[in-house]
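Read through the structures below before going on.
Shared chain: chain A. Partners: chain B in the first complex, chain C in the second.
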Partner chain A sequence: MANKSKSAFYQKALFVLILMLLWETVARMKFFNPSVFPSVTSIIIAFLKGVSSGLLVEKTVYSLYLILKGLILSFLAAFLLSSLAMVFRIVENILDILNSILHPLPGIALLPVAILWFGIGEGSIIFIIIHSVLWPMVVNFMTGFKTIPRIHLDVGENIGLKGFHLLWGVMLPASLPYLLSGIKIAWARAWRAVIAAEMVFGAASGSAGGLGWHIYMTRYMFDMAGTFAALLAIIIVGILVEELLFKNIEKFTVIKWGMTI
Partner chain B sequence: MRMKKYTVILLVIALLGTFVLGGCGANNPSKTTNKGGSKITIALQFGLAYAPVQIMKEKNLLEKYLPGVEISWKQLGTGPAIRDAMVTGQVDVGFMGISPFLIGWDKGAEWKIATAAGSQPLALVTYKDNIKKVSDFSSTDRIATPAVASIQQMLLSMTAEKELGNPRALDNLMVSITHPDAVTSLLGKKDVTAHFSSPPYIFQELADQDVHQVLNGEEAFGGEFTFIFGVATNKFHDTNPPAYAAFVAAFNEAISFINNNPQEAAKILAPVNQLSEAETYKSLTWNGTNYCSTPSGIIGLAEFMKTSGYISKVPSNLSEIAFENVEAAVGKRYGEMSAIENLQLRKSENNGQ
Partner chain C sequence: MLKVDKINKAFTVNGSEKNILNNITFTIEDGEFVCILGPSGSGKTTLLRCIGGFEALTNGNMLLDGQSIYAPGIDRIMVFQGFEQLFGWKTVEANVEYPLKINLIDKGNRQQLVGKYISMVGLENYKNYYPHQLSGGMKQRAAIARALALEPRILLMDEPFGNLDAQTRNSLQNELLKIWSDLKTTILFVTHDIEEAIILSDRIIMLSTSGELKNIIPNRLERPRKPGSIGFAELWDLLYNQLGH
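So, the complex of A and B:
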C-alpha cells in the first residue's frame, strides 16, 4: 500500500516537472511575446510576491468564502429537495422538469437576471454559484438515493429503523459515494462560477474582490505573470482540497466500508 | 532501481534541453504578412466613439489610398483584448483609450499613437436629488464606471482630488459595470446611484426626470482630452510605410466626412451601431463631441496615471508615444509653448492659462 502511493506521487511529480520545463523552454525561445507568455520563473516570482504581500491570500480567502457560502446553501437545498423527491412523487416530477429547464443554462448567462434581482453585490455572485452547483448535486443525490440496494433498506426496516433514523443510518451511508461525487463536481463548478462572476461584478460592495477580480485586474494592467500566479493559487487550493479533504473523507468512509477501492 | 536511473537521465536531458533550446529562439515571428503594403488588420470596439473607423470601413476609404489592399476588420470588446492581439502580432492598428495604451507602453509594448479619434462628452449623472457636487456623495452610494483604470475612473479621481483633497476619496464608491448594465441599474434606482455615462446611454438616463448631471468630463479634467486613440505597432509602421500613410489619410478623410456631413454620416452609422438614425445624429452632434485627429490632453493624462500608480514613467517627449504625423500635427514652438502643445496638458490652478 505504502509503495503504491509513493511511486504514484513520484510519477505525478515527474510529470509536472517535465511540463514546467517544457513551458520554460517555450517561454525562453521567445516563440510568443514574453509579455503574454511569461516564463515559469517570472510566474513563481509573481506568486511569491502576491503571497508575501498578502494580496493573493486575501483574494483567495474571499473567493473561498463566497464558494463555501454557495456550496453550503446548495448542499442543504439539494439534500432537502432530493429527500423530499424520494418521498413525494410530485416533488420528484417538479424537480425533474426544473432540472431539464435550468441545468443546461450556464450560470454566467443568467448574469443580467441576477443584476436585476439581486443588485450588483455579493448576492448576485452567490446566486450564480448556487445555480451552477445545485443541479449537478441534485442529480447525483437522486441517483445515490435511488441506487440504494433494496436489501439494505429491508435490513434497516427489519431492525426497526424508520423515517429519520432510516435516513441517517442506512440511506445516507449507502448513497455516500454518489453524494461525494456530487460534492466534488459542485466544488469544481463553484470555482468556475465564482471566477467568471467576479470578473464581471468586480469589486462591488467596496471589498477587495476575489481571485476572479484579481485575474481581471492583472490582465488590465498587462501583468500576465500575475494572471498566471492567480491561476497557480487556484491550482494549489484545488490540489490541497483534493488531497487533504476529499481523499481523507473517502479513506474514512467509503473506502473503509469497502464500497469503493 | 533501474526506473530511478532512467528517471534521473531523463530529467538531466530535459533540463539541458531547456537551456539549449531556450537559447536559440526565433525573435517573435509576427503573424501578419506585412511586407509590402498588401495586408492590414484593424481592430475597433463598440460605439460611436469609433465612428471615423466605421466610416472608413463603410465607405472603403482605405482602398482608395491603397488600391488592392487586403483589410481584415476585427471588433473586440475591450482595450486589453485589442492590446493582447496587437502585442502578439495579430492586429496592426487598434483603437482604444489612453489607459490600455499607456499601461502597455509602460510595460514595453512596441507601439505608438498613429492618430487621435476625438473627444466624447462624458458626464456623471445621478438620480439622487440631493447630489449636486461630488462632495454630496455618501459612503453608501455607488458610482458605476466601465472599468478600473478607465478614463471615467480617472476623471472621478481628478474631481476627488480637486474637491475633496484626496484622489482616492471615491475609490470605495466605484463599481465596474458595463454601460448597458449601469443604465439598467441606475434607472432601477437600487444599488447604483450614479453613472459616468456617455451618448447614447446618457440619452436614456436623462430622459428619466429624476436623473440629472453632476459634472462633465472636461470640468473634471480641466480642459479637452482625447477619448479614443488609433494605435499602430512599431512593426507595422516601420515595415509598411505605404499602408501606414494610407491609413492616416483615409482616417482623416473619414473624420472630415463626419464633420461636414453629419446627417449623411448618421444614415451610414445607424445600422452599424444598431441605433435609429435620429439617435445617431443626436449623438454625433451632442454638445462636447469632437471628431479630430489631433490629440489633446495626452501629457495631462499620462502624468495623472503616473501619480495614480497605473504607470511607472511619463513620456518625456511626444516622440516616445506618437508617430511623426501626430508630432507634426502638434508641432514644436520655440519660445512660449504653442496653443496645441498647451492643449496636451491639464489646466489646473498651477499652470494657469
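So, the complex of A and C:
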C-alpha cells in the first residue's frame, strides 16, 4: 500500500517534470514571442516574487475565502434540499425541474443579473459560486441518498432511529462516497466561478480583489509571467487540497470503511 | 407472547393486486424457537417483515405481549440475510454499541452489554475490526450480537445463515442454539432449508406457495440434532412432502 502510493507519487512527479522541461525547451527555442510564451524559469521567478512580496498570497487567500464561503453555504443548502427531497416528494420534483433549468446555465451568464441584484461586490461573486456548485452537489447528494442499501435504513428504523437521527446516523455516513465526490466537483467548479467573476469586476469588490482580478491585471500590464504565476498558484492550491485534504479525508473514511478502493 | 391473528398482506405489482399472505394465524410462546419454512415466494420474508413492523398489514392483527404491532421497534430486532446489515463505518464494537447509545443506555451498562454479547458470539478478538475486514460468518455473528444486546422480546431472523458455506452454517446454528438455551430468548427464524428447520426449532410453521399457513408441526426430537439422529429422517420426509414435492 505504502509502496503503491509512493510509486504513484513518483509517476505523477515525473510526468509534471517532463511537462515543465518540454515547456522550457519550447520557450527557449523562441518559437513564440517570449512576452506571450514565458519560460518556466521566468514563471517560477514571478511566482516566488509574488509570494515573497505577499501580493500573490493575499490574492489567493481572498479568492479562497470567497470559495470557502460559497462552498459552505452551498453545502448546507444542498444537504438540506436533498434531505427534504428524500422525505417530501414535492421537494424532489421541484429540485428536479430547478436542476433541469439552472444546472446548464453558466454562472458567468448570470453575472449581469447578479450585478443588478446584488451590486458589484462580494455578494455577486458568492451568488455566482453558489449557483455554480449547488446543482452538481444536489445531484450527487441525491444519488448518494437514493443508493443507500434498503437494509441500512431498515436496521436504522429497527434500532429506533427516526427523522434527523436517521439522517445523521445512517444516511450521511452511508452516502459519504457520493457526498465527497459532490464536494470535490463543487470545489473545482467554485474555482472556475470565482476566477471568472473576479475577472469581470474584481477590484471593485471593495477589497483589492482576488486571483481572477490579478490574472486580468497582469495580462493588461502584459506581464505574462505574472499571469502564469497566478495560474501556478491556483494549480498548487488545487494539488494541495486534493492530495492533503481530500485524499486524507478519503483515507480515514470511505477507504478505511471499505466503501471505495 | 406473539399473537398473529388472521393477517393478510397484499402488494400491488405492475398495477394488479397480489396476495402474499393469506389469513395467517399462529401464536408463539415466550422462549420458543420457531422456524417458518416454505418454498421461495411463499411470503416467509414478508411475514417476518410484517412482524418486524417494516410492512403494514392489509388486514388482521398482531400483538406482542398484548401490544399492537404497527411500526419497527426494539422489542423486535431483525437479523437479515445480507452481509451489509452492519454499518460499514463502525467497528464491530461500535456497531453493537450504537443501538444502545441511541436508546439512552448509560455508558457503564453499555460497555458491559457490548462486552457480554461480543464474547457470546466469539468476536472478542475482532471487536476493533471494520465489517469489510470480516468473513461472512463473522459479520452475521456481529449482527446477532448487535441484535441480542438490545435484549429484544423476540429475535426475528430472516435466513441469516443463507449466504454462508455449509460448515460455517453448521457452527453458527449450534452457537445460536447455545445462546438461545442460555438466554431463553424467543426466536422466530425464517428458512427454506428443511434440515436447518429441524436442527433449530421447537415448532415449524409451514407456508404454502400461495402464502397460506399450511401446517404447524411440533418438533420434539432430542437435542442436539444431527441428520443421523433418531426420528430426523422421518421428520425430514414429512416436511419434504408437506412442502409439495
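Going forward, the second predicted complex is superposed on the first by the 259 of 261 C-alpha atoms of A that agree within 3 Å, B and C clash if a C-alpha of one lies under 4 Å from a C-alpha of the other, contacts with A are read in each partner's own complex, and residues count from 1 in each chain.
Assume contacts are C-beta pairs under 8 Å (C-beta built on N, C-alpha and C of every residue); 3 or more make two chains touch, one makes a residue touch a chain.
The structure displayed is predicted, hence computed values, not measured ones.
Partners chain B and chain C, brought together by superposition on chain A, fit side by side with no clash.
The larger set of touched chain A residues comes from B, when the choice is between chain B and chain C. Of the two partner chains placed around the shared chain by superposition, neither chain B nor chain C is touched by A:Pro104.
When both complexes are overlaid on chain A, the residue A:Pro112 reaches chain B alone and has no touch with chain C.
Of the two partner chains, chain C is the only one that A:Ile159 touches; chain B does not reach it. Within the superposed three-chain model, A:Val170 lies in touch with chain C and out of touch with chain B [touch as defined at top]. Of the two partner chains, chain B is the only one touched by A:Gly121; chain C is not. For the three-chain arrangement built by superposition, the Cα-centre angle with chain A at its corner and chain B and chain C at its ends equals 160°, in steps of 10. When the two structures are aligned on the shared chain, A:Pro149 is found in touch with chain C, with no touch to chain B. Judged by the touch definition given at the top, the superposed model places A:Lys256 against chain C, while chain B stays out of reach. Of all C-alpha pairs spanning chain B and chain C in the superposed arrangement, the closest lie 34 Å apart.
Every residue of chain C that touches chain A in the complex is listed here, in rising order: 52, 54, 71-74, 76-78, 80, 82, 84-85, 87-89, 98-99, 102-103, 130-133, 150. Residues of chain A touching chain C in their complex: 149, 151-152, 154-155, 157-161, 165, 169-170, 173-174, 176, 253, 256-259. Residues 7, 11, 14-15, 17-18, 21-29, 80, 83-84, 87-89, 100, 103-104, 107-109, 142, 147-149, 172-173, 175-177, 181, 184-185, 188, 190-192, 310 of chain B are the ones touching chain A in the complex.
Here chain A touches chain B in the complex through residues 10, 14, 17-18, 21, 24-25, 27-33, 35-36, 112, 115-116, 119-121, 201-204, 206, 217, 219-223, going by the rule given at the top.
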